[in-house]
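Here is the structure we will look at.
The letters A, B, C and D name the chains in turn, as written, and every chain counts its residues from 1.
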């Protein structure tokens, strides 16, 4: 009996060409696995396509809720943003997919997993670290890195290779941006974006929405409800997280929100330039932060910020299935206990404008903040506070005076 | 001879009422000192006003360039933002002013410095820590905290007190927002802002510009040139930093950029809500970050980000004249050595949109980032990298499998 | 009916004098509360003594296990050491005590809590922050800070005051070190220690053990067993944590282990110099770290180290009952899941010498570490790893060469 | 003309065998370079040996002072310790050596550099990152990783290979610990140390000194003088840093100080176990820290501690020639401005016991620290301080009471 390999399959040209290649070069039985994180692609006819291409079986796995609840929400609660800008869309999807690939591999008794990520990007790392952590015994095959065996260098080569192997499908040979999409975001790389000196051509580029300039002249209010850091309702209607993100994508996209143009540092040591659209995610994270402003105390807010940055780095580097990710997540979960309340926002031509936040657990006290004196605050206390807060500073200055006077 | 006190004087009602109060309660000779950080107020007639109110002398000190070059720029280079949002406008001005007050006090042989900050805010701390660090022997007088001696509780009380002491000036008794302005920003507190559930009334509130909704329908391009982290030209015209900020304020204000609505944690332990306008500063910091994306390596960028947060905290807390501030600044200065280049941006209705960045020191390499293989990058290296990068993860997983199999 | 105050009572001169003072100045009914964290003092006759001094009731509360399990162990698991040296003995006891005082106050319907900590130390902060967090409505009385009402300035004054109020107890008026002791440690301050230029007189000073020079010439082996970060047995005998600490104190004290001489930064802004004896604690923390070396991966170890330092700061500052302390503790608990194994140590004249560590969850792999090649490690991988690990460095160097060549 | 390769040469079997191998396999002209960081080996006769082995030239470079002043001292000033224990001895020497190798390569017009580090360790990374950063155009040859060309697997193989190529030298085929030595330390790996469950055999192992148990029964006092963080005199005698380290090594080694047994996490992803002797370094770092306790303020001390850990990581990972290392060093240098004074210590059987520290810049104030009230400290201030320091905590507790009462 042949050994089985599970192939992360999208139905596109790249992963289709891998099917005959795996059979020809390794004599594997190929199990295709298409994992739906909300990429919004047509899945009808995918089974036929996979089988026509030589696969013995196709799994279609809808993991959208798993993705939103168990990968996206921990990052939202942590406020994790990589290098100030990137909301980790692809980075959160990769471990979701890796876990599912391993599950299918175990079910099928496969001995290897194959993915179509390139040898220059972060995704190969994220897939492979996920697989290593969950199934260290499985072999990993990354055709695009195997330049001695994988000899195709262009879409034309791949189409030719498919035809040679009897796969005659209507693939498009034209070159476009390199994109990755899921429910949280879409990323764009390549073409004019490869030169950071060039302004992106947003009219051609954008998929999930429009640029601020093309957005309606009228803004739109949104109210989000949170319980323990998790969004539970939008405009008063209770929905699950994936539905809220879907709704926010529509609204945010329409109003030109969440378009980011960044030069980022990949794990493999190079800089790359990409444009990300995260319309719903940007609104969700902003709203969450707005609520935290009211509910978290200063010390917790400050340490959580540093750890959120660390979390972003861990996730970006593909280290999802690690004790460090679990430990930071436990920290964050404790801080979210009281992140419950309502956040109102207005979106308008790329802007997210605060329009009022309320929480039963708000630590904001109007009587404290105002200029009048209340029972909680004695102005005389401030003097004592400042004297001790500045004591070491003063001691240092006095010592300096003393030394200077001796000179 | 009477002892002298130096009073931080604005010409407004609060600090005017302090003049007779200082004379009456402490028998001081009062030296007024009006320090101009770019608050954009009328300074003509101020000397008369001070003397009419009983001051023996008025200093008017223009410190705008000192403020921009020595206080603002270190924060911009550090990328310092307090609690994700606040660009430290007031926090940077206070030590600038404290240093000048000390300078005047020394020149005059004064034994005390008096300021009009309230007992609930951060500014009392920033003034006093500045003074303690530079002149630990000077007495500090903070009338608003001395509720047993300072008995005025409202603007009406102050006007009455002034009249009693022969100061008959046309003060306005109406209540407005509590504001602090300098070249970098203006802050607004009070009135409806005291309730975080209420959306600010931007039409009444804004001073430096308009809201995104009132901004022009046409965006505007700006090009900023930097040398070693410092802006040196705008749209190709060489200018000093204060002039560039002035220009950016005009453009940013016009296009609704840099309006922030925040609930922040004060040093004295309470939350407060404020709206800040920082039109030019927001553009400048964004542009600076855009250039750093190209020029700084990943490790430096990450550590600098953490230290920038720390710097923000130190500055927010009034600890400017400390070894820690100096040490972080030295760190930052080293990182800025190659932050030289041109940044193009478009401002449009509250948005700052990247429009291309170039630098001779860019670490971005198009041949590296693209999908083709160049001489610098061998795809096979990625496999070795991933194997070692994920080695501890795999060892852990194997160990777990081994233990599980024993159960 | 009189209002009740709960007094943290030790039976010593200071807290005894407070009893009549509270009655005389505030007309309180005084409830004494002696909380035993393992200070090793005689508690017999304490009730008589309290009542003779005017208290209406004495609670004696043994909280040793609560202290060890719920306050000490979280710090051990976090590896928390303040400013590199101080093992937080007093800092961990204060919230334990504060919680108990609040519990008694609630039970008695008291409206105030009184403690005898001085106005210059950390303990006033730790007591009061604990009380504020658990019972914000209770009044706090700190006699030593109330220098207008509390007029006693020396032990002689206190003895005289007691006598005047009919309390004739054999107090010792002689001056000694100021000490704080519990099961975890004893601290010493005062006398010759007040000058950091002076070497401590260890023969007079030490209470829990001897100096290394007085320790036996023969060392002693100890084996500690841990489960999920908690010590469960010593030399193979299962014991509870408090018993293990007691045993380790005896052994460590005998062998001169855990004596620390430090100049530390107090929260109130000054430096102070103290000597701490923590014989058992020092061994326990060393053993725990030794096990973590084997079990934690590199990333987790590094982040945990930073958070452990932060935890130490939080605890030192008296912020035990805060979300930040809870959140860091949750982080730490996740990391401890596999900190299970055996640690062997030899103590000898102040030294703790490793003598072998084992754990089922050890991530150390002899075949990996040795110089031979195994199946887990391919030497060729190292080349790929280094090439990508150093890629940005090389790009930077090439860019520099290119720019230099243009000059 | 043949291309030249510069070989890092020790005169030992490994690097000797590389000479004919380089000539045979690559047809290089081999330039040997022996770089003396204080490894204490015999250098007489080395030139003959190198030439006899086929090298065309031998450079002997004494870099001891460069190593001490420019690599060791920055780490001492930063207080850098890797994973709590390792004083970075080898990690600091590698960039020193790399810089010298590049210098010689440039002088000779060589096109490659060859080193004898193994494919499993950290040193290959440190050498190669150093070379990449300083001379990105040079080829790097690491024979031990080139298992297809380098076929020798044991000392016996190497001896045989040498003989075949006419090199008949008296090499020792016996197996011992794997060691690395320089002026700062010696490391030991291998043999029984490969099992962390086994106690090291210190009598066989130690080279620079004795174990605490073998140390004299009489301790010894040392006084170190520092200026701006750098040691300038020992026991009152002015010496350069390398001489002070040499003296401290003699004293520390004699008294059993600075022996560390650690399981550390290598950069390449595995744990390894080693014993390090750093007698002088341990004393020097302890003394330096002792002085900092007196001179640095609390905030600076805390941030410096975190950055010192980061610095340790950067150095451990071989990233010496990077902007991040330079930037942290600039931070540290600012903090060292006042680290000037005298430190007295006693070493005794493995212990370093403080015996008094003095500095003109000491921030310790006896009058502040003592229990009496001085003019600098008003006990009433403490109340105000605590009230504001604990304000958010109290607000939170009141809010909780309010919510609980509503239930």
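Assume a residue touches a chain if its C-beta (ideal position, glycine included) is under 8 Å from a C-beta of that chain, and two chains touch if they have at least 3 such contacts.
A quick map from chain label to UniProt name: A, B, C, D = Argininosuccinate synthase.
Everything numeric here is computed off the predicted structure, so don't read it as measured data.
Interface chain A (Argininosuccinate synthase)/chain D (Argininosuccinate synthase): over half of the residue numbers present appear on both copies, so the contact uses mostly the same residues. By count of C-beta pairs in contact, C-D exceeds the other of the chain pairs C-D and A-C.
A separation of 41 Å divides the Cα centre of chain A (Argininosuccinate synthase) from that of chain C (Argininosuccinate synthase).
Chain C (Argininosuccinate synthase) and chain D (Argininosuccinate synthase) have Cα centroids lying 32 Å from one another. Residue positions 265, 268-271, 297-298, 319, 322, 362-363, 365, 368, 377, 380, 382-383, 385, 388-396 of chain B (Argininosuccinate synthase) each touch two or more of the other chains. Remark: chain C (Argininosuccinate synthase) residues 265, 268-271, 296-297, 299-300, 303-304, 307, 310, 314, 319, 322-324, 326-328, 330-335, 337, 388-392, 395 touch chain A (Argininosuccinate synthase) in the complex.
Across the complex, chain D (Argininosuccinate synthase) is touched by residues 297-298, 360-363, 365, 368, 376-378, 380-385, 387-389, 391-396, 398-399, 403 of chain A (Argininosuccinate synthase). Across the complex, chain B (Argininosuccinate synthase) is touched by residues 83-84, 118-120, 124-125, 128-129, 132-137, 142, 144-145, 147, 178, 190, 194-199, 212-213, 219, 256, 261-265, 267-273, 289, 293-294, 297-298, 301-302, 305-306, 309, 313, 317, 319, 321-322, 344, 346, 348-351, 353-358, 362-366, 368-371, 373, 377, 379-380, 382-383, 385-386, 389-390, 393-394, 396-398, 401 of chain A (Argininosuccinate synthase).
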